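Listed below are the structures to be examined.
Common to both upcoming complexes is chain A, partnered first by chain B, then by chain C.
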Partner chain A sequence: MSIKIKNLHSVYNEGTVFEKKALENINIEINNGEFIGLIGHTGSGKSTLIQHLNSLIKPTEGEITIDGININENKKIIKESRQNVGLVFQYPEHQLFETTVYEDVAFGAKKMGMDKNEIDKNVRESLEIVGIGEELYEKSPFEISGGQKRKVALAGVLVMKPKILVLDEPTAGLDPKSRKAVLENIKEMQNKLKITIILVSHSMEDVAKYADRLIVMEKGKIVYFDKPNEVFKYEKRLEEIGLAIPKIKKLINRLNEKGYKIEEDINNIDELVNYLERKMR
Partner chain B sequence: MAGKISIGQYYPVDSKIHRLDPRSKLLWVLIFVIVLFNIKEVSSYIIAIVSLGIIVKTSKVPFLLILKSLKHILFIMIFTAGLNIFLTDGTIVLFEYKFIQITKEGLQFASLIIVRLIALVISSSLLTLTTKPMELTIAIEKLLKPLKIIGIPSHDIAMIMTIALSFIPTLIDEMEKIMKAQISRGSDFETGTLIERVKSLLPILVPLFVSSFRRADDLAMAMESRCYRGDINRSKMKDIKFKKEDYIFFGFLFLVIVIINIV
Partner chain C sequence: MKKVFCEKVHYDYTYFSDEKEKTIKALKGVDLEINEGEFVSILGINGSGKSTLAKHLNGLYKPLRGVVYIDGINTSQDETIFEVRKYCGMIFQNPDNQIIGTIVEDDIAFGLENLGIKPSEIIKRINKSLEEVEMLEYKDKQPSMLSGGQKQRVSIAGVLAMEPKCIVFDEPTAMLDPVGRKKIMEIIKKLKDKGITIVLITHFMEEAIESDRIIVMNDGEVEMRGTPVEIFTQVEKIKSIGLEVPLCTEIAYKLKKRGITIKEDILTIEEMVGELCR
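And then the complex of A and B:
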């Protein structure tokens, strides 16, 4: 499914002393099946923006369409679009409430009115995707580890079979190994399910490798919306915003300044060594 | 989170009223309410209201914000006014239909009640609008201190209040977040039968309780690891003091009360 956001403005507490402009003139078009990285410093409006995709916040001005349909048209469409767009919040493990892992994952599917067999099939599928084994199905979601909780919460959104999956900092508070595992998992999921993904993060290092395009936000505005390698050319400006580009890209920028003309997409130090060896021959 | 709005919440500007010792403001609300419920003459009311107006003006809090706090008691106001209009016996009948009777006395009494209620709410919301919750709890602790002799744990009461107050915004934030998350998962809090709606609260209440307990645990742990033992040998980082302004303030109040008694 494709997303189109047109002239979106968003203001919190409009008309009061606490008024706060959170988004200004946002224009985005996202194609079906794309992997988008949404990056910005703390408070730049990332969470505000993605909550609009689920009508949890209504635009102060502007319009959001998914496959050509305005998602805020009426109650029925809002409900449908919430099924199409799965939103995984920051620290999703805090939303678990059911008595067992299985029941908690099933919650969304039940609410969508699926029948029993379908619910069972979807619950098992989504738990498998996130890597939770059957031995945990009957455990209480409060007695499993933090990482497992997060996986269960993610499965709780996948169970609704969203065509667009939006994740708000899914790696926040995880150790480097789990971070990588979660990201690999998401990428794999996208390849398997052929869904559109929007991944929110404030670390370039995390998303650069997986995203087809990056949206860079600052103070409620979009600064860049382009392929990662194009975005990384603006190293100085990004640093002003408080974002550091991946170290390898920094190195390549330095080399290019020194007169090398590296055009290839290089993502780690091994690739760079190979490339340089080839060139120096 | 900054930027949340809630009625009666501290309004951050600098004014003479903001700078007053919170004890003065607390005592003022008490005295004001007592006076308000003991006066009967219209002229006394006018003086009391004018004094309130002067304090509101000095506080630099927008009048509109104060009026908003009245919204919450609108129903109570209409209800009590209605009761008083229809149920007060009087001699001068203005309107009569079957058993309904509106008298001049009834109208007078109802308007007095309304004025009292409005003044009551305005004065107490002015207290919280111009005083940080922390300051207020210090004030309560200090005012209750003499009662320690008869075994009332003034410090503990103040500490409980402080913690409760500082957790309210956090809990509201948390609730909002959980609600949004469950809505994304298909929860619907607006439609359905009463039982369905009560049931739909479960996905919010359970996580909210879990996180409250977690926070309480963390806080208790943090307090204990810093050797918190109640108020034994405890000093305050921010103390409250009676200043020149407070004497002026009380002078003003005294004047108002004297005038009310003379007129």
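And then the complex of A and C:
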């Protein structure tokens, strides 16, 4: 599904002494099936923005349309569009509560009124996507490891078949291998199910690798909205606003300053190694 | 001097499932020695036992078998447990779970008041510890108004105010943006320079580079021990455990494998640039 945000303003505690502008004049268009990375310093407005996408917060001013429909039009539409947008918050594992992994994942599907066969099919599919095997289905969600809990919580959102999936730091606290596994799964879902992904992350490496385009936020405004390679050309500016560029870009920049002529668009280690090998032979 | 000493530490988690008692062996005979003033990183995948081990270092957990001595005190003895906790402070991943005060200085005062320290001394310590983490100007702010990195610095100040000799950081930067992460690492290094023993649990290999020594945990046991260079140059082994090596170490390793002459013990971007621009 495509998302269009037009002239969005958001003010907290309007009319009180605590009034705070959280978002100012946001204009974005996200295409169907796109993988968007959303980055910014804590407090830059990322969380406020994503909470608008399923009407947890309503715009003070401006409009959000998903597939051409204003999601805040009326109560019925709010409810319907919420079913399209799956939100995975930070530490989703804190929301696990059922007696077994299987039941926990099934909960959302039941609430949506799916029939028994459909629930079973979706639960199995979702758990497979996140890499949880059948041997864990009957375990209590409280007796599995932290990384596994995270994956189960993610499956609990996938089971509802969202068309847009918004993930807030889904890999924080995961080891490198699980981190990669979760992100690869998300990427695969994007390709397979053609869903739109918005990934909020503090890892520049991750967004560089997986996102088609990046939204960079600072103090409630959008600073950049472009392909990762374009955004990461602004090393200084990104550091000023509390971000960074991926390590590999940093290495390339330092080497180029010393007279190397490495292409700026190189993103992965093997391409860089190939280049250096040619140069050093 | 070995101020942190673990010998053959075993720890199990037991739980009930289907009305049967089940056991997970979280630590299987861990030996660990840390010298006073040393900076040691603990690496390992999720579920390898890192956090369980960390919680033994200030007596939150007591070994099922084996023994843990902190500054010469056996952590299994209830009478002296407060001595252990005074010696060794802990910082966890999520600052929101550690901050309880409604304003920053109250939060730091909380631990001190519980120790029965007199008010004039409390004020002194609050100022000193907030200055240490560069948060003094936020003294009368509400913690909820702070960024994640700032909250984590307040948590650190709260621990510093208790004047511990050792601080265990359990993934302190997992939730932070790049600048917040950098700041926490700067503070950790500063504390090390002041002689505080640091134990850092992390999934960021770039942070572990900064330490004197690295311990790699795997399935409840210590799999590797050594300096950052000794650990990270074992690229295949690190990867087989499910971890990563720093970017530049991997580049050097790959070039070497293709027959290029290059130093292997490269950890940082600066070292790599130095090597390539000789």
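In this section, the second predicted complex is superposed on the first by the 257 of 281 C-alpha atoms of A that agree within 3 Å, B and C clash if a C-alpha of one lies under 4 Å from a C-alpha of the other, contacts with A are read in each partner's own complex, and residues count from 1 in each chain.
Please note the rule applied: a contact is a pair of C-beta atoms (placed from the backbone, for glycine too) under 8 Å apart; a residue touches a chain by one contact, two chains touch by 3 or more.
No experiment lies behind these values; they were computed from the predicted model shown.
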Contacts of A:M112 with chain B and chain C, given as first, second, both or neither: first
Chain A residues touched by each partner, larger count belonging to chain B or chain C: C
Partner chain in contact with A:L136 - chain B first, chain C second, else both or neither: neither
Contacts of A:I77 with chain B and chain C, given as first, second, both or neither: neither
First (chain B), second (chain C), both or neither touched by A:I69: neither
Contacts of A:L193 with chain B and chain C, given as first, second, both or neither: neither
Chain B versus chain C as contact partner of A:M160, first or second or both or neither: first
Doubly contacted chain A residues - partners chain C and chain B: 142
Of chain A, residues touching chain B in the complex: 12-13, 16-18, 20, 51, 54, 56, 79, 82-83, 86-87, 89, 92, 94-97, 107-108, 110-112, 142, 156-157, 160
Residue ranges of chain C touching chain A (in the complex, touch as defined): 15, 17, 22, 24, 44-47, 93-94, 147-149, 171, 174-181, 203, 205-206, 242-244, 247-248, 250-251, 254-255, 258, 260-262, 269-270, 272-273, 276-277
Complex contacts: residues of chain B adjacent to chain A: 3-5, 11, 62, 65, 174, 177-178, 180-188, 202-203, 206-207, 210-211
Interfacial residue positions of chain A with respect to chain C in the complex: 40-43, 90-91, 139-140, 142-143, 145-148, 169, 172-179, 202, 204, 239, 242-244, 247-248, 250-251, 254-255, 258-260, 269-270, 272-273, 276-277, 280-281
